[in-house]
Amino acid sequence: GTTNGGGGQSGGTIKIGSLHPLSGSSAADGQQMDNGAKLAVEAINNAGGIKSQGGKKLELVSGDTQGKPEVGQSEAQRLIQEGAVGLVGTYQSAVSANVSTVAERNKVPFVIDVSSADSILAQGYKNTFRVQPSSTVLGTAGAQFLDQVAKAAGKPVKKVAVLHEQGPFGTAVRDAFKAEAQKAGITVDPAIAYDAASVSDLTTQVTQVKASGADVLMVAGYYRDGVLAAKAVDTVKPALNAVYGVANGAFDLPQFPKEVGAAGEGYFDANYHADMTKPEMQALAQLYQSKYNDAIRTGAVLAYDSVRVIAAALEKAGSAEPAKVRDAIASGEVPTLIAGPGTIKFGPTGENLNATPILMQVQGGAPKQVFPADKAEAQPTYPAFKSQ
Amino acid sequence: MTLLRVENLAKSFKGLRAVDDVSFEVTEGSILGVIGPNGAGKTTMFNLVAGALRPDTGRVHLGGKEITGHAPHRITAAGMTRTFQLMRPFYSMTVLENVTVAVLAGGAAKRTAREAAAEVIARVGLDRWRDSPTEGLPTAALKRLELARALASKPRVLLLDEVLAGLVPAERAPVMELLERLRTEDGVTLVFVEHIMAAVMRLSDSVLVLDLGRVLTSGAPEAVTRDPRVIEAYLGEDPHAQA
Amino acid sequence: MLKLEGLSAGYHGLQILHELDLRVDEGEIVAIVGANGAGKTTTLKTVSGLVKPTAGTITFDGKRADGVRPSELVSRGLLHVPEGRALFGPLSVEENLRMGGWTRGRKPLDAPLREVFELFPILAERRTQAAETLSGGQQQMLAIGRALMAAPKLLLLDEPSTGLSPKLTWTVLDAVKAIRDKGVSVLLVEQNAAHALNLADRAYVLESGSLVLDGPGPELARDDRVRAAYLGL
Amino acid sequence: MTSASDQDHVAAGNGGGVAALDPDEVRASPARTVPWLRIAVIVALVVVAIVLAYVRAGSSVVVVQAVTTGILIGGVYGLVAMGLTLIFGVLDIVNFAHGSFLALALFLTFGLTQAGLHVYLALAISVPAMFLLGVLVQRGILAGAMGKPLENQLLITLGISLIIENALLLFFGANPRSVALSGDRGVPIFEAVANLSRILAFVGALLLAGLLYLLLQRTRLGTAIRAVAANDTGAQLVGIDTRVIYAVTFALGTACAGAAGTLVAPLVTIEPTTGSLFNIVAFVVVVLGGMGNVVGALVGGLIIGLAEQLGGIYLPGQSPLLSVFIVFVLVLFLRPQGLFRRSA
Amino acid sequence: MTTTTAPAAETAATKPLPRQPWNRHLLAIAVLTVLLIPLPLILPPAQASVAVRVLIFALMSIGWNMMSGFGGMFSFGHAAYFGIGAYAGGYLLVEHDVSPWIGMLVGMAVAAAFATLIGFLALRYKLRGAYFALATFAFAEMLRLWATNSEFVNRAVGYHVPLRPESSWWWLQFEPSSANYFWIALGLTVIALVVSVQFVRSRAGQFAKAARDDEDAAAAVGIPVMRYKLLTMALSAAITAVAGAFYVQYFLFIDPDLAFGSSVSIQAILPAVIGGVATIWGPVIGAVVMGPLNDVTATILRNPPPALEFLQGRGGLDVIVYGVLLIIIVLLLPQGIYGALRKRWSRR
């Protein structure tokens, strides 16, 4: 049964655990996400707490995974022990994989905000849910968007080269992207892997891309390596119609164009993304900026949404019993600030049925939503580079 | 009967012929003294015979069996053990443990090994230090420990590299007596390198003189020390007697 | 030149030297003889600052020298040639010697170098050879030569003849005399008591960390107790 | 004075006459000769590796680019490894904090460029500042652990790196930063291209290696450092204050990290953990080149850089690091002391 | 030769041989085991899981200590053996439905074989000191990189251990709060401790120590140095592999970084150094101290005293504190906690 009988009723607040890499190499994202979760709790409390439970207030308890699975595991254990009725987190797939087993065995719901590996939800766990799209969804949609945008521009894609990090995330995105692209008659070759943790130059890889004659370069990776790829492309100057990120950790971030300068102009990224066309999202972005003096990232918004998922379930269940909260999450439906076809709604495996990416493109030094049309802030430019 | 036979042994280090065509024989129960200037190749020759180095050419026979190029532990098992010019105790162990390990390596049963080691220790006169750690032991005790450890594997041939160096004269005498007893009581065959001529003269049945890696001469101690070549290369012209 | 008063020292809280009083005058060779483990090496190490005294004083050249770092003592003219020689193995003979002149600063070292080569001609022959490839006797000469490079006032020698062939032993001991004749005081530890006592102007006998006898070297060499205990006669 | 007596053990071991030497240790007899033969063999092997890569890839552009990048990035690896090898060689410390010192220099450089200084002018501040920090760290922390076993040093420097990295995180936040080099562009080299900033970093590495080499071989300080590395009791006994040399050597090592940090600042994303990226490769380079050998570090860096880049061609689908480790292990088997011997 | 005849003249009355500590160690292990058995019934579940983690830590480090402490071969690549244990268990269970107990045995065997291979190469080519350490590190990294890109072991994704509907000893799976995990880990650790005591007192252990102290001298007294070094490495690897195999069953997940990452190698070193290298108890004491330290610093800093309120929630501070404590412990107790205590005792 549950290890904590009372179900987090301590001190008149209901505890939700937030587990993110607050230190280590992913601290930038982790801290953003922790802040996002905090803002959600504040918003809910300001709106009167959990009304079905007499206006009980929420309390966020944070843990630092340091980006390490074993630390994430012990922190999860600790947060549950402290009475958290639900967990949100954790950014890295390997950490989430570990935390999901803890959640499952303690029967405490765990809502993954960011972590894309498909394998996490393939275990048949009943207590793990994921708000963001899986690698497969990202890769599949990424290929579809590319095909559609290029066809619409009258320059169908012939050959895509893939540059991806070698972890589960990059590999899964590559596989899904490749499968879908081939359906659309696009050749995918070569697919080049690199070690995101240690890579310090991608020039040779981009030269291989250049030599292959591909007209699009797809990149699936994290921030630092994304920047390296952009720098390498700028140096080698392969004849490409587009550099196209799929769930890329760099290309859709506001600091990316700042770091690489003009070289980043025109970069696409098919990624889950905060829907900046929604007024509520704009307000949140503003709040975040004023409170933390930083531009909000989508990760923070996903954490924000994930906390709201748990809060809605608490409301619906009228109880802080983790098992009941779990059932309420599974059957609930919650609005989202992420650009997508609708609300957050979980399927039988815990996957968010409405999780889809949108297409972003760096235009005028900032990432803009460009596709599908209903989410577009601007028109996609394809081919992305003027010189070609 | 010849127990140890060395034929045409040679070893070079990067062009330097450290040991060059050295041959000699040692009869069972005898004592051979090896002398020669510093750098003559004495230690290298020991290393070749005891298996620590592989000779470029030449052969070593022990009791009729060829042991050339065998690993040191196999040579020890075959009955020939050496000591080191610089004392090399197992520094993390006490004197007793040092010798016990050697007894065990000789194949003794575990239950009796410590008793056997204690006896060897008593025999070489190390009793006083038996339970001390080896760190900080005086030179004389370390020298005896080298000897005890070598004896523990019950060798038929013992190769001793300057066991007396670093001992004050008064302490040399008991060690020399011990070596003589080893021969008379236990029938151990000894080959020893030494610069202290008094010891060489007293102990050796015959003397081998090395110079520049080659055998300069060999024979009875008195004859060898009168050889002008030996005086020129090794003993020097100084009239003082060797203490 | 050098004066020890009530000097005690040891390792890791274990006392080895017990209240030594000892003196070396200008231009003297003073020997310390004693059984293995008596504390001869420890005495030299304490004087040169490698081991810290636990009690007593050391005065060198009129100034206190206990608790002073070895490098400081070297610049004051106290040089120690240790047991084991402590040469710079991978450096060449000449580099080793030049290192010996460290405390002379940037002054050219050619003159002292020439003096060392005069004393030990074999070193001149081997000047480019790495120190660790020298034979034992050559290493000993190099160690002494290196110390001479610093223009010592007092030289501490620890068993300079150990492991040397009889011929080389005489070479080294003659060199010690030559060094003394140049006005350098020498404090000598030698396992070969006969050699040491014959060479020394004065000598001390050390037993279990205490000085039990002293007097002119040749005189001690005739002392029955010394003959029995240290000369093996 | 435990260290003096410990040291004695060692000193007795390597000075007590030829017989004390490890019988199997191979050694270059005369000191300070350039190992031309070895260099020739290395160059020959590298050429063979390149030719094979060409056969395998079938495209000269890719191979030329891989070689170019490999050499340039190898220079950076060498740059990072130089300080490390110096510390390793003289103080016998496996300095896990080296990458963090580099990160510190990155942030310092970032701050200075924000204040309007040109990146490469920041060297004038980052190098002395890191030198000073090195003195403080050595005297304050590491001096207490001199002569202790490898694993103790390892954990202490690990602790130092945790402190530095997380202090940077605490004070600067986690957002990545960057330093742009104005006028940075691709420079064509044969069929390949390379960024100007990478070329400059490479040139910086060459210069630094040259300077360090001169410092060690030609100056009084360098001679003292080599003497301490060879035998520290001996060094004390000729009048060298080993405490000073330890501090100065460590500081030189961190100053090298400082120089490396500034030189690579335009190439990398600046985060508290950026420096540790180089740690593993840098250790491999140090060991490959022979611990304590500055020029060896540079050569080792080049080999590793090439192995990494060409490895991507030999073993597609495997991590380039795999080929790095394979080369590393093979070299160790052939030369267990690294390619070049320690100092001298 | 007859060492038994005629004790030499200089021997006075023979002193009794000194007692050896082995049986006392075994007794201490037995007593401690009995005392620890009720622990999980007393501890709150969160602490109980820390206790299991401490035991895994200890187990890894007991393995490391055997090779690097008693054997003197500094391993900076024990992640290789931990990872082999973990992957053997994970692979056999997930791909072939084999009990983790069997997986554990297979892991031990494979790890031992791999260690023997590495050892043979490293010793054959005479790698020493830091060179040896970095070579072991390189082999661990090669395994990590190979696993990351190898279809055979599911690439970077690794393995999830499937959850079973009910607890089972055969499948080594229980309720997460079950005391069985602790007891199993305790049992394994105790076995490892007993094995290390028996090893050190055995012929092989004595030979390994002699070879560590002086290889040439060991060979000269007749010890086949290579054989005993390899034996030590194999045993060491097998113990650490057990830790890996148990880890997977407890945490239910393994991937290449968790198994073969360099931080795993450091974790194997840490307890032994903190507790005392080349001592029987060092790794255990070190694990008890270092295992919970992370949690302790995190907890303290999560609710800082009012004066430091502004630091709350700042990522990294707890790691800083951890780093400071690590440095202080290593500086103050260079021989480790047990090493320092033992020195005290032997002084008296």
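By written order: A, B, C, D and E. Residues from 1 in each chain.
FYI, a residue touches a chain if its C-beta (ideal position, glycine included) is under 8 Å from a C-beta of that chain, and two chains touch if they have at least 3 such contacts.
Here is each chain with its UniProt name: C = Branched-chain amino acid transport system ATP-binding protein; D, E = Branched-chain amino acid transport system permease protein.
This is a predicted model, so every value here is computed, not measured.
Enquirer: Going chain by chain, each one touching the next, work out the least steps from subunit B to subunit E.
Expert: The fewest touching-chain steps linking subunit B to subunit E number 1.
Enquirer: Relative to subunit B, which chain has the most distant C-alpha mean position?
Expert: Greatest centre separation from subunit B goes to chain A.
Enquirer: Please flag the chain sitting at the greatest distance from subunit E, going by CA centroids.
Expert: It is C.
Enquirer: Rounded to a whole Å, what is the gap between the Cα centroids of subunit B and subunit D?
Expert: 46
Enquirer: Can you work out the whole-Å distance between the CA centroids of subunit A and subunit B?
Expert: About 75 Å separates the centre of subunit A from that of subunit B.
Enquirer: Averaging over Cα atoms per chain, report the distance between subunit D and subunit E in Å.
Expert: 31
Enquirer: Just the number, please: Cα centre separation of subunit C and subunit E in whole Å.
Expert: 49
Enquirer: Could you pull out the residues of subunit C that touch at least 2 other chains?
Expert: Counting only residues that touch two or more other chains, subunit C contributes 11, 134-136, 163.
Enquirer: Residues of subunit B that contact two or more other chains, please.
Expert: Expected reply: 38-39, 52, 84-85.
Enquirer: Two or more other chains touching the same residue: where does that happen in subunit E?
Expert: Only 145, 148-149, 216, 315-316, 319 qualify.
Enquirer: Contact residues on subunit E for subunit B in the complex?
Expert: Touching subunit B: residues 1-8, 10-12, 14-15, 17-18, 202-203, 206-207, 209-210, 212-214, 216-225, 278 of subunit E.
Enquirer: Once bound in the complex, which stretches of subunit D touch subunit C?
Expert: It is residues 1-2, 4-5, 8, 11-19, 21, 27-32, 220, 223-224, 226-227, 230-231, 233-243, 341-344 of subunit D that touch subunit C.
Enquirer: Within their complex, state which residues of subunit A touch subunit E.
Expert: Result: residues 3, 21-23, 27, 30-31, 34, 62-64, 66, 68-71, 73-75, 77-78, 80-81, 94, 97-98, 101-102, 104-106, 117, 119, 122-125, 166-168, 171-172, 193, 195 of subunit A touch subunit E.
Enquirer: Can you list the subunit D residues touching subunit A in their complex?
Expert: Listed in rising order, the residues of subunit D that touch subunit A are 59, 61-62, 65-66, 68-70, 72-73, 76, 166, 169, 173-176, 178, 180, 186, 192-195, 198, 267-269, 271-274, 277-278, 280-281, 309, 312, 316-317, 319-321.
Enquirer: For a test of understanding, state which residues of subunit B touch subunit C in their complex under the given definition.
Expert: Within the complex, subunit B touches subunit C at residues 35-39, 85, 136-141, 162, 165-173, 195, 197, 233-236, 238, 240, 242-243.
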